[in-house]
Every structure is written in C-alpha cells, then in structure tokens.
Amino acid sequence: MENPVFTLDLQVRDYECDLQGIVNNAVYQNYLEHARHEYIRSLGLSFSQMHLEGIDPVVYRIEMDFLRSLTSTDAFTVALKVRKEGRLKYIFEQEILHKSSGAAVLQAQVFTVFTKNGRPVPPPQAIASVLEGIVPPAGVQG
Amino acid sequence: MENPVFTLDLQVRDYECDLQGIVNNAVYQNYLEHARHEYIRSLGLSFSQMHLEGIDPVVYRIEMDFLRSLTSTDAFTVALKVRKEGRLKYIFEQEILHKSSGAAVLQAQVFTVFTKNGRPVPPPQAIASVLEGIVPPAGVQG
Amino acid sequence: MENPVFTLDLQVRDYECDLQGIVNNAVYQNYLEHARHEYIRSLGLSFSQMHLEGIDPVVYRIEMDFLRSLTSTDAFTVALKVRKEGRLKYIFEQEILHKSSGAAVLQAQVFTVFTKNGRPVPPPQAIASVLEGIVPPAGVQG
Amino acid sequence: MENPVFTLDLQVRDYECDLQGIVNNAVYQNYLEHARHEYIRSLGLSFSQMHLEGIDPVVYRIEMDFLRSLTSTDAFTVALKVRKEGRLKYIFEQEILHKSSGAAVLQAQVFTVFTKNGRPVPPPQAIASVLEGIVPPAGVQG
C-alpha cells in the first residue's frame, strides 16, 4: 500500500494461532478492527466514547484477500488509508505486512458508515474533516 | 459433581483449539461463563437485561483445575451448582465432563457477587430465591 | 439462500458480544468456519484429521455483507452451499439467518482451496465427490 | 508484586471488551498466557518450537483474583515471577497492574508442569536453570 495515513505494529500471540499452527482467519479481523480504532483514537476520539454518545461506526461489508500466513511470534504491521464514497460511506483500505520481509499477508477493503439509532449519519465533524483529507491527520505514523 | 442444578451440552469448535491441538485454557472460562448465563436465563432473567438495569453479576475469584484436555469436535457437558456464603457471595461449583466417557475435564469454583454502581448488592429477588434454594429452579436439567 | 446443502443451528453466547452490545464482526467468521467444518465432518472427514495427514483447506478470500446484527442469546442458522470454479477452487456461499424471523443477518462468499505442503491440490476424493455434487451428501439437513 | 523477573506492557483492544463495557474475564487468561510465553521466549526458547519437539508446558491449576476492571484502551502491565515446588512443579505468580495508577487489577497463581507424551518431565535445561534461579535470566525487565 502506498502512502498509508496510519500504521500500527503488532505481534502474533500464541493463543491467536489455531490447530493448523497459524493465526486463525477470524483473528485478522480483530487486527484490522484494532488498527481502525487506534487510527480513530489518534484523531482524538475513542470508539467507546462515541458509543456512549449514541454514534456507532458500523461495518457493512468486508473483503479480505489472504496472501500469506502469520504464525507464532511473527511481528507485523497493519497499514491503513481511507476514501469516501457518496455522502456517507467511508471505505478503509487495509493491509497487513510481515515486519521483517515486508511481504503482504492480507489485503482488505472495509466498508463503513457511522450510525445513530440504527440510521446512517455523517460522522462527528472532527473525524469527517480528517477522513476527507481536509485537515492533515495529527497522528500520522510511518 | 453430585446433584447439579443445571447442565449444558456443548461441542468443541475447531477455532477454540490452539497450536497444541487442544482447547486453549482461556476458552474454558468462556464455556463456564456461558453455562452460568444460560442457568440464569433458565431462571427467567437475561444477563444483558440485568446489565441494562444497572445490575452486573461480577466474578471476583476463579479457581480452575485442569484435569484432561478437550480437542477438536469433542462433545462435553458443563454441570453447575451454587452455594451462598455470607450475605452477598454466591459460589458456583462448575465441572466440565467428557460427554462420551463422563471423565472430568475441569473443576472450577467461581466466586461472584451482584453489583450496582460498583458496589455489592443482593441479587434480584427472583434470582435470590432460586440461588438460595427456597424455590426449586424451573429450568433444572439432567 | 435457496437449497442449502447444509444448515447449522447456533445461539449467540454473551462473551461473543462487544461493547456495542452486539456480536463482534470477527465472531461471524468463527460461525462461518464452524459451519464449514461441521459440513465437512458430516461428509465423514474431520478438519483436524486432514491436518494431521498434511492436507489443509485454506481460505484465500472472504467477502461478507453485514445486513443485521445478532445480539445476546439470539438463535440463528448458518446455511451453506458450495460451487466449484476451475479445477481447484471451491466457493462456499454462506448465509446467517435469524432463527425466529428468518431475516438475513449476513451473506458471505468464502473462497477456498485444499493445500498440501503449501501448494493447491485436489481435495480427498470423498470430499471432491460430494462437493461436486456427483454423490448426494449424506449429512443434508434442512 | 515485589521483584518481578519479567514484565510486559500491553493495551486493551476494543474487541476484548464485552457487553458490560469491560475486558471479559476470559481475556485476562490470554494476557497471562501471552506474558508467560514472552517470558519463556526472553529466555531464548519458543513455545511453538518446544511443542514441535514434543515438550508442552501444561497449566494444571489457575487461581485468579479479579480486583479491578480494565476497559477500552487502558494501558496495563503484566508482572511475573516463578517458584518451584517439588521436583517438577513451577508456579507462576502473575499480576496485572494499571499502567497509569499502578493499581492492581488481577492477581494470579498459575500452576504448571512440562510434559512429554502426556507425562510430567523436567523442563529443557536452559529453562530449568533460569526458572530455578541458578542463572540470572538474560531478559529481565523492570
């Protein structure tokens, strides 16, 4: 992925591996979600705080391509960027890469909307501004 | 365990096994919690409903003895009984048994109190009555 | 989904819900995987046994559309059918439905190959026969 | 805990919180296990490598006291020391502490043996030496 707006370094924990000896597929969704939440947090808002205020970011579609496996103790990076579609849809492009080799492990498109009382709404302005690239994000890494 | 007041039959799912090829230790806590919640539900109350009303059953201590392993697709039973200690403490005795052999897989003592605003309180009367054996539980199995 | 070749009835466990009060997205992958493994098991083969013999079914792509949420204690059904693409690819179409209303909760396409020493291979003949519809599956439900 | 031989800094991920809005009890076992494995790794051996060589560290008893809750994005430390009992038993004393306040969140005793073909055996010499304090551990932190 070129020009990610956020990256997060993590390491595989043994309990995340299944009886094939590799990270279970569902765990990659955990990694992707955690990176998105950390990204949102780097913009100055917390996911749990938004929930308390009645605003929930909701994933309505995920596409994941599994290219390689991660296994016990592997270090890896989750990279992320985001684009807007229409008035309310934000699509996160996410990639997981082996830390040592840089090889792509997984590529994902995560389609999200913000909701209030179950209906799509524009995100809080602080988030909207950054997601839409009006204001350069403060928490950029990598 | 003699005379459980509740039993629940479950089956190991492959994603619950770790790279040793057996159910990861932490997953047994999931099984034990699920059995307690199903027991409480069999008494006519739901855990999530209690949470919405501000009452949260809280585990303050767990002791678990791991006697055997469960592995892929094993069928097993979680058995449960409960005793009161003092005015507010409820201790769940729980056992996990291989369905086919009846062999004990795990024995646990789970120490709980009900809390409201972070302070111990007596449980809802419907639960208290049953937990204290005043009224025979409606949902007894096995 | 019309004419599923396999269905599995499950129920949400409280520990599968996250701080939004609904089933965490990653958990749906657990449900989908468990249903596929139970389907394969209904054909007379176990996933862990195949692994010991060096054959691992591998998911190389997943597409999931999240239509509704499941929450605490919800009963639901995972329905499944499978189609072949090319010589080695098997695509599972999977759907999760609310048990009570029949409403669709999630629709997924899960792209798989069988691998041996990291290379795609045809699946064991017993599985190939059924997956390709040559022999009607023994374990059909629903 | 005084004089831990190993400490590990971690942070709560949102998917580890349940519908009570706090880290689910079972997840603490994940944290404790991960810290033990990282400790063993700091001694120069990997858990998965030992498994491949037929040696599996096995937990046969856990005692956990839950003193406080961790919630979304909390930073915390897992501290650890180990004592020997008899010829084959190693007991890990583990503590989880809030990073900011230093307040104790959880205290645990984790009773382990190393096994080969299902029977208790002494651990690999490199581990035994360190666990028994003959050689000061190379990976000491904190």
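All chains are identified by letter, namely A, B, C and D, in their written order; residue positions are counted from 1 within each chain.
We take it that a residue touches a chain if its C-beta (ideal position, glycine included) is under 8 Å from a C-beta of that chain, and two chains touch if they have at least 3 such contacts.
Because the structure is a prediction, the values reported are computed rather than measured.
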Comparison of A-B and B-C by number of C-beta pairs in contact, larger one: B-C
Distance-maximising chain from chain B - centres being C-alpha averages: A
Whole-Å separation of chain centres (CA-atom averages), chain A against chain C: 25
Whole-Å gap between the CA centroids of chain A and chain B: 35
Cα-centroid distance, chain B relative to chain C, in whole angstrom: 29
Multi-partner residues of chain A (each touching 2 or more other chains): 14-15, 17, 19, 21, 24, 26, 30, 33, 48, 72
In the complex with chain D, residue positions of chain B that touch it: 19-20, 24-27, 29-30, 33, 48, 51, 56, 58-67
Of chain A, residues touching chain B in the complex: 14-15, 17-19, 21, 24, 26, 72
Residue ranges of chain C touching chain B (in the complex, touch as defined): 13-15, 17, 21, 30, 33-34, 37, 41, 46-48, 71-73
